[in-house]
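What follows is a single structure, written as structure tokens, with notes after it.
Each chain carries a letter (A, B, C, D and E) given by its place in the written order, and its residues are counted from 1.
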């Protein structure tokens, strides 16, 4: 690791430590008679840490984690693929886009929690109803960005590509896709989190296992420590998924100028 | 009155579990007592309790068991009047499995639907299983939520058994999809499970609130007490006509049959008996081995002054 | 004058490679205003003919090329390519834009090779051909650079290779040698003439360098300044072929042609500039 | 309205009619013995239509609608403003962004449903806890896009602007902001729906009024008609909000080329 | 030869407006490879001096200007502006890019006016000044157009107005008249000379037109072809001032200078081209 990488990591850890210290003080030291972060609602960092360790040591977490991650990964992959496909398709067929535009927006505004029973009816209680919930979140985030990204393709590059005789498929591969990539990745970074949220909310609303189930169960018996432990584990795994997305992004976008100031 | 405008939390107002609340509101008993009650509906009982602790609501109609759990968490919560004397939870098995089902011991290996993990429906099955010599790990529990998703889960065959409340149970019975095997809506059923009553829905407050606003608490207690009296004598039709039409499950006949089924669960006097308290504690302890029962002082979970004053 | 007068407008011979007949072009410029960039005018390029367009800046040269490429529909008038009315893009034409049209996400080599690849040429073959072309334009060692890593003149030459590798029937070139130094410019000019001598494509060539226009082309047309620009001069260049882009400038006829065309062009530019209409 | 506008509207209505017809048939005509869209879960278009009319005629809806729209508008405005501000700020301070990057992503992955009690604790039961829920959705969608949008500013334009002496504030106003606008608006279109979702989910989890409250009430008693009526009203209002966003977008982006093919 | 030999490198006089001393520039090109674009070389521009840079395409002219503008840090060497080491951007310089740097969301007028506005000039005043400048470059009627509605030459002139309105102490111009026709080019050249005569800015002027370079400048420097390009020729232009960009070409000395510089330049270009290194 480089020196600057080390420094960055140190600073990141510092921020984390500060946040935990604040949490600890807020939940343990009363300020003016009241606790800033009452233990009932926030638990304490120590308890949460112990719980996380216990969950991993006893191994109960693995099954749940595995299910939630599968759901998240599926929701992310399907939602992103769908959003990209439909986004490109709509961007290339303006009439189609114009016709369906209000419907897409209406559907995007439906509260997913309310749709849960319908997903359950169609897809059962297994992972697929949770995947569906995640997909409805990821899809729209990716879709709107891809749609706009395709429309932002440089007209000169597009005209040139069409004149050298590219057909739609080739235009997609050689022009629209690479050009819209930064839009796609921007939406993917947002989506990673939302895919997980979708999966967890789906589990929360009805499931037999998964982190959402654990969290819900903990909530039912007012076990705030359990809730926070679950959320921390969630968040940690999102970082791993996001890291993977960033890896792919850097690979695909090698052609970009490194620094913006260098080349006027 | 110290505080004529109060906010009251409930986790699922249209549920029959909380029928007295809706009745009290519709019959105008709150107004009669000089109270303006804003009813906040929450995504579940746990959330309404959290709102109480957080100070967003003044009173909650929720499960008695909450007061016990909160004592363990050093939160002083007191129940003042009982609204439901039996939990009203029903364990039913899918029709096809009904023939093979003899006792809760047969739950082994089943997929059991509950409203939510950790909820009272979940706890009841766990309790039954523990009593039958099983451990909670012997079956898998699936949170299926309230309302339509629970019906969907049973219809689709996703679950073998279901521990749930009305109206879901009545709906599924009307669809002839289930057979009820344990029924805590009735006296017989409840006694068979717990050996006595087991307070379900109660009205509870934070102790601080009671101390600061005794008159308000009294007024609210009075309103509910009067509702219980009305409820004791009302016909199911009268009840149905009192609640908003939207609560009818889209079918008045179904609603009336659901009322008939749950009729016995509603408290007659509002009194929380010591025996009931013990049963409730027993339920908690049996289902949560880490729960320290010794630390619980059951007398500190209720405050019966107001009910007494009313009578 | 001892030089040929502008010949009549070529509206008659529509059978050529490119025939723009009575086209006019209006641009919408905010609100409901329009800018009449090109007044009804006609321009025809016969098969195998090399036509250069010169004119004051902003007169409408690029606009005409866009019309010929099918990127812009004229407000009025007809566009015919090899006798057929043009609908949509003109895929018979290779068009080197005034601005950059390279794909920034492809290396120089890939930018050139893609032209063959999309027609189904195997990767290796396309790459070899592309490298040969890059070598021709003097960029053999820059194949793996992305466009943003190239200088202005280098990018233009990659574009040139990209257009030429297709061997289109019609070449539309908008200031192809603009950002090149004089010497490279002549080398490229000679290259273009050599290529053209082989299969005689029809060429429409926009340049600001009148000498270059005369040195390369069969005909030089002059556009008047906009708005409502039109073609106001058409000079056949009767210099012998084959030519060398550098040596031909020493030909005795060259000077006379240059003088005649320059006189008309200069008058046009000054008119434009004075009216602030450029 | 122009001719093409009329044609578009006609096609849009056609799609709507088809969808409703499909719904009607699915819920009323059994296919192979089963209903495709059982009435119990999907209600019927006729019932839903009647319910919507009734809600408006009796006037019960107005109060709820007003509350939900206020929450949505506030969530949208605050979330978007926050996302834009923080997005710009992070994009201009790469070290800051690098340090907080993992934390931002972790927070984005927290299931909002679980956070509801905390919002209630801090913000009470009024509209603000719902607004907060909406903000947490909108903020991240806008933030990630703005962050990327700022980084996509053309290096040549940026260098030119800096060389003519613009300071940070001026760069923001004259370069970053206009350049990132299409990114901003793309995220705003996604966000309109999510703001509403946030508000409704907030109400769903605990409230005394609002469309989410209505839907929650209806769900508990199998009143699918009520659920669908609420969702339709929601969606219709999202279209109005989105229309407003589009109006502003078109105003701010007048400078764009009209057609992409025209100008190579 | 009868023409002056290239003078010694100007490393001695660092007190000038721009002094690049022993700078070399490496570019990272994928992986760990670097391209040594510019070998250690020095260039100094005295206060009030007009220096033209010519060289084969891709040799490093734009790169040198980027260094002088502070956009690019040289790998080695020192950059001094008016005797002070340059850290960050060179705000004393006005830089007209080879490529377009106009803000596409601002009209031509706004693009020019903003330069004054950001210094606190009132809107009306800035607008009036901008309009005057647009008129000077012949675009009075195009003030309300957005950049994409302008031709290549028009855009370049808006950029010119944008740079000139600031009245910077140092002017860096990268092929400012590239996309202009010969006539407009001369008009602009004369304009530039007139402006320069008033307050004698230091000018660093990149062009491919050697005649233009000689006509305008006090000194013409020649860059060798890259990689490791450096300044290999430095010709003082001892033509009388004030000059007219067109008429000066008829001066007897002009031809001699042109011939001498051209000879060196041509050799350089051919060398470059042959090695495929351009």
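The definition used in the following text is that a contact is a pair of C-beta atoms (placed from the backbone, for glycine too) under 8 Å apart; a residue touches a chain by one contact, two chains touch by 3 or more.
The structure presented is a predicted model; accordingly, all values stated were derived computationally and were not measured.
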Practice problem: With chain centres defined as mean CA positions, report which chain is farthest from chain E. | Solution: B
Self-check item: Most heavily contacting chain pair (counted by C-beta pairs in contact)
Solution: A-D
Self-check item: Centroid spacing, where centroids are CA-atom means, of chain A and chain B in whole angstrom
Solution: 37
Self-check item: Chain centre separation in whole Å, for chain E relative to chain B (CA means)
Solution: 84
Quiz prompt | Whole-Å gap between the CA centroids of chain A and chain C | solution = 50
Self-check item: In chain C, residues with contacts to at least two other chains
Solution: 30, 69, 71, 95, 97, 99-101
Quiz prompt | chain D: positions in contact with at least two other chains | solution = 41, 113, 117, 121, 156, 159-160, 204, 219, 257, 261-264
Quiz item: Counting only residues that touch at least 2 other chains, which ones in chain B make the list?
Solution: 50, 54, 147-148, 152
Exercise. In the complex, go through chain D and note every residue touching chain A.
Key: 8, 11-12, 15-16, 19, 38, 41-42, 95, 98-100, 102-103, 105-114, 117-118, 121, 140-141, 144-145, 147-149, 151-153, 155-156, 158-160, 182-183, 185-187, 189-190, 192-194, 196-197, 200-201, 204, 212, 215, 219, 227, 231, 234-236, 238-239, 242, 257, 260-264
Quiz item: Which residues of chain B touch chain A in the complex?
Solution: 44, 46, 49-50, 53-54, 69-70, 73, 75, 111, 116-119, 122, 140-145, 147-149, 152-153, 155-156, 158-159, 288
Quiz prompt | Sites on chain E touched by chain D in the complex | solution = 69, 71, 89-91, 93-95, 97, 99-107, 114-115, 118-119, 146, 148, 162, 166
Exercise. Could you please specify the touching residues of chain C with respect to chain E in the complex?
Key: 27, 29-30, 35, 54-58, 62, 98-100, 135, 138-141, 144-145, 149-154, 157, 175, 178-185, 187, 208-210, 265-266, 269-270, 272-273, 276-278
Self-check item: Residue numbers on chain A that touch chain C, as the complex places them
Solution: 156-157, 159-167, 170, 174-175, 178-179, 181, 255, 257, 263
